[in-house]
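Note that the chains are named A, B and C in the order they appear, and that numbering of residues resets to 1 at the start of each chain.
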């Protein structure tokens, strides 16, 4: 049985119809890369799964339970964690406080400072620093570490490499690889298509709120994704969209 | 040394202002709401203590044990019924709704207690006027010292609570990123309700000292709100120790004003507040620093 | 993707004056014409009450200009109300004849509001709200220092004694009616002009407004001074109806409570709302009169309830449902196919 099932999901931003009838299914241990142009609805989709954005229609099931109307903090308890776009740390607090404030609120057997720092050793010397004073890469690491404190079964990562130096991104993905080796289930939004294809086991492309491509990463070529990205492929949804 | 005595009395008065101001500042720090009913709610607590003392002979000190939880519960209700809805309504609604609430509270108190001026001082016997005489002109009231100690204890306690405890961290995180805390498992509505409960519990303590050191009537709330606000602004929004300094400076300004002319007490207080505002606006670098401090929310 | 094809050959029109608006404006003007003969038509009591109603309308409309259009919630407008009455007394004592002194007082207080606004308008939201209350308290205390006022004892507009009772009643009525008409017309013209557009932009988002070149502070300054002068005129007129001036009564925060009640209940940010709010307030006051405290509890509760559950007030809710468009304010796009559109387009 799938860990996460999304059926016919719709979400709106005021008048903007950001997500239009998206279906997804994700098994435990899979890594799904969500790709698509800016404004394709990737962030809204992640936020809807995490409960930070209300679903206008459709169903979201997680580990067998219908969570469509559950508030975000209750979904954290079930094991969903979102690392939001822009990191959104508590910049006035120390790194340690950022991590501790998230402790003990998630799934039973939640992360401790020690276990999380194992995945992100670069944070160890920065524990007492104000989160706002960290570099971009360190902030991103802290944001992921904060999400891990809830011991999630499903980790949602929104644009983790945005605005970071290539070196910082490499280091970040190295840490992610360790997580993946540990069997984590991840949905990640990533602008860098090459990187997404390397990390993910499956790729889903969104265009104007609809799925225009879905396939295993191994069978996915760059060209195939680029076509779906711009709505050029023969996928039936691509031509139907755009009202 | 009458002059010195005025400054000393101003300091003690300022300690009371810091007490009434800290919960206004705290709630603003957490929810970005200025509660216009703040003064009226503190006066409500004073009336509750008055009833306990007058009808049941309960000392205000013991009365607080009952009134603080009652006010905290009222804070919870206030959040659920009024503030939560106000927050969704944009910038103006919290001001309008809490102002409406202040009018309701004031006039209900008037309906229940009439226009008479009350005090809690009779309920604490000799302590109300007991003092130590340092010289011919300088005396220190024992109650004043208690208020100063209470102010430092309350402000310090709040500070420690926010800095060191898990709940304090949760409140600070929610204050900083209310839309994000849900993603790490925090129910921001519950945090807001808790913060409002704490704010009203603190307002109850301030109300007790208002009644002990002076008199109050059903319409005293507005003026207490103004004093609290002035202390907070003078001290810099969001900084708790700044609030203590702000309260003390305000108290001293008022006492020096009274020293100059009998009408000078309030004029000097309001005038000093406006002078601080103007100085901030026209001394730009200073204004910048104050704004940065204001952003840091409740942390010192 | 609704494009030009949807509309075919019929271009949409933009309209402002509709036949209904023209009819309504004509009816309103006709009513004002009838009201002008008030003192001859109504009893002494009714004339006095109507004078008070006109002052309420002024208060509500002026507070609405400040909060509804400028986004500035002040709980200290009693400062200008009290100062208006006080300056009128001072001018009259200095030999200015009484009724011109009322108008002049409004202008003087409008001038005083300039430097006050200079400081207060830089405060945000709640700070502005309470800061204005501090200004009102300070104004009250300073006025008390004037030997002419004698502290809380107060004084009265002695010059009015020179008039006969009936003449005074009629003159005050006309002054109040003229003030209300003038200010309504002024606000109306303001909303139709460039300032109205700027205000709407600021109310929606003042950072965005600034970025498209709206001079936010300058626009707020105009609104602040107008609201101050209007409240001052109301205070001066109230003095003409009451004759006595006791600072405590004029500088009471209750005046602001009335303004907030009228504006909120009628409809914040609409032209018609505060007028309807003033009529409702007047009706409630007439019905429950001086039954005192519960009446005030009711006002506060109503303000609280409307702020929370019906922030657009009676008129706002009505207009949203029926879009009556009784006044030629705003522009409405008419397309032949869909009738009148609100200008929303989902693309």
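The rule we apply is simple: contacts are C-beta pairs under 8 Å (C-beta built on N, C-alpha and C of every residue); 3 or more make two chains touch, one makes a residue touch a chain.
Keep in mind that what you see is a predicted model, and the values were worked out from it rather than measured.
J.: Find the chain most remote from chain C, comparing centres computed as mean CA coordinates.
T.: A
J.: Report the chain ID whose CA centroid sits closest to the centroid of the full protein CA set.
T.: Per-chain C-alpha centroids compared to the overall one single out B.
J.: Nearest whole angstrom, what separates the Cα centre of chain B from the Cα centre of chain C?
T.: Inter-chain centre distance comes to 33 Å.
J.: For chain A versus chain C, what separation do you get between their C-alpha means, in angstrom?
T.: For chain A versus chain C, the centre distance works out to 52 Å.
J.: Express in whole angstrom the distance between the two chain centres, defined as the mean CA positions of chain A and chain B.
T.: 44
J.: When you check chain B against every other chain, which residues touch at least two of them?
T.: none
J.: Within their complex, state which residues of chain B touch chain C.
T.: Listed in rising order, the residues are 28, 33-34, 36, 82, 85-86, 89, 91-97, 99-104, 106-108, 110-111, 222-223, 225-226, 229-230, 233, 237, 263, 266-267, 270-271, 273-274, 277-278, 281.
J.: State the interface residues of chain C toward chain B in the complex, per the touch definition above.
T.: My answer: residues 67, 71, 73, 75, 119, 122-123, 125-127, 129-131, 133-135, 137-138, 141-142, 144-145, 253, 257, 260, 264, 268, 293-294, 296-297, 299-305, 307-309, 311.
J.: Taking the complex as given, what residues does chain B use to touch chain A?
T.: Touch list, chain B to chain A: 166, 169-170, 172-173, 176-177, 179-188, 296-297, 299.
J.: Can you check the complex and tell me which residues of chain A touch chain B?
T.: That would be residues 50-52, 71-73, 76-77, 81-82, 84, 88, 90-93, 97-98, 100-102, 105-106, 146-147, 149-150 of chain A.
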